[in-house]
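Input: a single structure, listed below in structure tokens.
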Amino acid sequence: MQAKTSSSNYKQLEQKSKYTNIFLRWFLYFVLILFASYFIFPLYVMVVTSLKTMEEIRQGTLLTWPSGLNFDAWAVAWGGRGYGAGDTFLKPYFWNSLKMVIPAVFFSTFIGAMTGYVLTKWRFKGDSWVFLFLLFGCFIPFQAILLPMARTLGALGISNSIIGLVLVHTVYGIPFTTLFFRNYYVSIPTELVKAARIDGAGFFKIFFKILLPISAPIIVVTVIWQFTQIWNDFLFGSTFSFGKAAPIQVALNNMVLSSTSVKEYNVDMASAIIAGIPTLIVYVLAGKYFIRGLTSGAVKG
Amino acid sequence: MKTLKIEELSKNFGTTEVLKKINLEIDEGNFLVLLGPSGCGKSTLLNIIAGLETINEGNVYIDDYNVSKVEPKDRNIAMVFQSYALYPSMNVKENMVFGLKQAKTSKEKIEEQLTKVSSFLQVDELLNRKPSQLSGGQRQRVAIGRALVREPRIFLFDEPLSNLDAKLRVEMRREIKKLHQKLKTTVVYVTHDQTEAMSLGTKIAIMNHGVIQQNESPEIIYNKPSNTFVADFIGSPSMNLIKGKLNESSDKISFTAEGANFDIPINSYDFNNTSELNNKEVYFGIRPEHIYFKKSNEGDFEVNLRADLSEYIGHEQIMTFDLANQELLAKFPSTIKIELNKETKLYFDLTQVSLFDSITQERL
Amino acid sequence: MFKWLEKNLPKIVLAPAVGLISWFVYGFVLWTLYISFTNSKILPKYELWGVGQYVKLWASRKWLISVDNLLVFTALFLIFCIVIGIILAIFLDQKIRAEGVLRTIYLYPMALSFIVTGTAWKWILNPTLGIQKMFIDWGFENFTFNWLVDREMAIYTIVIAGVWQSAGFVMALFLAGLRSVEDEIVKAAKIDGAGLFTVYWKILIPMMRPVFFTSFVILVHISIKSYDLIVALTQGGPGISTTMPALFMTQAAFHKSQVGLSAASAMMMFMAVAAVIIPYLYSELRRENAS
């Protein structure tokens, strides 16, 4: 066995790697910042455009800084121009969405938690098949249910209503919420439940006194996921409602598409931001739970 | 020329000092074991030798070349990891020759090395399999094979047996020992298992809190531990450490355990420093296997102690005795029946005794 | 009586979820399937008509354009999302100082609805006042960027906006995948002499096969369902140059009073998704049962 390199080679190797390292480091940051600009660009443009007057917009470019912080567009986006019929603004639809999202998130999360609990802690023959059965609902393209759902809502007398949308979102949220809770409860040792049963606790007691208290992380993930999905929904909102009962994304789209007289891009941008702020705030505050929801739901299948 | 030399090496992680001015040397063909509890710095030291960690102070020399700033691939070393770290998407053959390919070795040389090593380790049947299709022992051999094909100057092992079950661990330990005897390679081996260290190493460096406590052959470490940490770490069960005082008079020296009503004469003990011994607070160290139930040597010290507990472990039993309210463990063959809660005659082999300063913990 | 209740309580609790899904998912899909075999126009008719709707569907120029657009969009969407996602994940894996901030920036588009995304990009790609004007004002006098209103190029605007929305997600998946690799493998590779590029190209990326698979399935799924983004960005235009199956389905049902045809197009979408999802679920479940 011989030594392969001589000491002078050692020296050269040391220096070469130092220079290439520095160059690579700079290249790394350059590329990362380049992409960051691609991602930030639209947000920047939205905010900046919403603070300009139409005059400024026509004269400047997308990137031009506003001359002053002009919130007029925001006021119009939120509260309208005040001339009665034909004036669309976001305020009522924002509340519609809120009234729709809160019950839907609650019910779908609750049902998902109970279902996940049963599927993992009260095993029975064929429970994997039940899980698969429910899981399938995560993947179907909703186009395959739009028609019958529209008829059903009509038959129940709740078409074009917030309650109708709550039903829709609750039902189609169940596969996802079940997935989250089931995957979470699967990794909680069954010994916990067994010990409780020996202590005499029954089905509901075990759930509320033992599992629920340690479910905080998954509840947060599920609520954030459901909130984001339901708040951002457009397909169900536009198919099953219109006019006064519409949720905010539908209203936003209507506002942007309608060209009454002159296109007011600043109002469009302000509207978009208003429609996007709730989920954006949730993301900024609880981002890691949001990501956990994305990756765990996806990776675990 | 020393194959490996570590000089005044210090390493910090943030504000924590992980290695403190380590000095170490190995001759060619030696099997050095870095032994110690979790957090003692042994893995860090191994990673520094490999070039996977940076150094804060000090130098590393391989074959007298200062390799402190040299990349791992140019240090002529190879490493076997605790989890084997085989590349999952490659088969056994590709795993083994990956390093040679990176070094742009000729095709013929690669084939030659591969055939030689795979038949030697008996993995030639497995060449086309992926790591996920191998058993734990097979993966280990492939990991060793990957290191062997590169014919490095130093083999580094990072707790390679920790992931195996007990039986397999003993088997693989012997395989590694046989390998070393055959190939006479220089090895640095990290483990926290003292049995492994004792059976494999030609030299053991015991570490604690980033400092080498003792660096000697297994025999010396076992018989003459340099401080209480080493005495306690080596041996299963570990050395008994009885608290007490030394009494020195003009012609003899003895040890009195705290609260005991008898003295143990230790006139033949080999002291490093014979000053200020009288009334010195010390630990009297004696291994459980050096306490007998009948007199074996002329100089054995006889004493009556009450037996409190007996633990049967197959061919042996470990008995707990009461020495002035301190526990004394002794190892006897399990065929001997000793009554509990009664006093029995015990014999201490005074040639195997160690004394430690109770304040510095150092050997006297 | 109570004993029976107690014993069957778990199944009773499952009943709402199972019942709702049976009805609203399986039941509804079967209804749509049935209707696709009828000649329903404004209202559903229940006499079977054979495969007439499917024949009509595949003879429809608008449908063929939808499918073609879907293929083009999906291919580009997949390629860009995965390439960008991997690059960002690898770069972020290099112990970057502002990693948290950068991750937030790459991922926030996923928090926005497709309508918001579409609205923003519609403005950015505005032929007169958007990017085109920006470059012209910067001195590139002959610069044109009116893809949004160009029949040939409009589909690519949807790719730009779609990739913007979803690439961060792919990045998150790959970053999690890379981080789950034990670092002993990278150490072994370093000792074997692999440079940074080789470590990723020959060792880490091949280990990411499951992540590729998952990303592929999820991105294809998102792509097939694309509706909101198209509505907000181009409404399927100019003309019908960016129409997609989801748009076709809605328009057939609610604007053209072709319920049967719409059902047929919905079933085509369903089958496309099933073709991708079923193998995926099958292999995932096998993997989970094996471990």
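So that you can tell them apart, the chains are marked A, B and C in the order they are listed, and the count of residues begins at 1 in each.
In this section, contacts are C-beta pairs under 8 Å (C-beta built on N, C-alpha and C of every residue); 3 or more make two chains touch, one makes a residue touch a chain.
In this text the structure is predicted, and so the values were computed from the model without any measurement.
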item: Most widely separated chain from chain A, with each centre as the mean of CA atoms; value: B
item: Top chain pair, ranked by how many C-beta pairs fall in contact; value: A-C
item: Rounded Å distance between chain A and chain C, as computed from the means of their C-alpha atoms; value: 15
item: Intercentroid distance (Cα basis), chain B paired with chain A, Å; value: 55
item: Sequence positions of chain C contacting 2 or more other chains; value: none
item: Junction residues of chain B, two or more chains touched; value: 71
item: Multi-partner residues of chain A (each touching 2 or more other chains); value: none
item: Residues of chain C defined as touching chain B within the complex; value: 182, 184-185, 187-194, 198, 202-203, 206-207, 209
item: Interface residues, chain B side, partner chain C - complex; value: 47, 50-52, 71-73, 77-79, 81-83, 85-90, 98-99, 102-103, 146
item: Chain C partner contacts - residues on chain A that touch it in the complex; value: 24, 28-29, 31-32, 35-36, 38-43, 45-46, 49, 57-58, 60-63, 111-112, 114-115, 117-119, 122, 124, 128, 130, 132-137, 139-149, 151, 171-172, 174-175, 178, 202-203, 228, 231-235, 238-239, 249, 252-253, 256-257, 265, 268-269, 271-273, 275-276, 279-280, 282-284, 287, 290-291, 294-295, 298-299, 301
item: Residues of chain C touching chain A in the complex; value: 6, 9-11, 13-14, 16-18, 20-21, 24-25, 27-29, 31-32, 35, 44, 84, 87-88, 91-92, 94, 96, 102, 104-117, 119-124, 126, 129-131, 133-134, 137-138, 164, 168-169, 172-173, 176, 196, 210-211, 214, 218, 221, 224-225, 227-228, 231-232, 235, 245-246, 249-250, 253-254, 259, 262-263, 265-267, 269-270, 273, 277, 280-281, 284-285
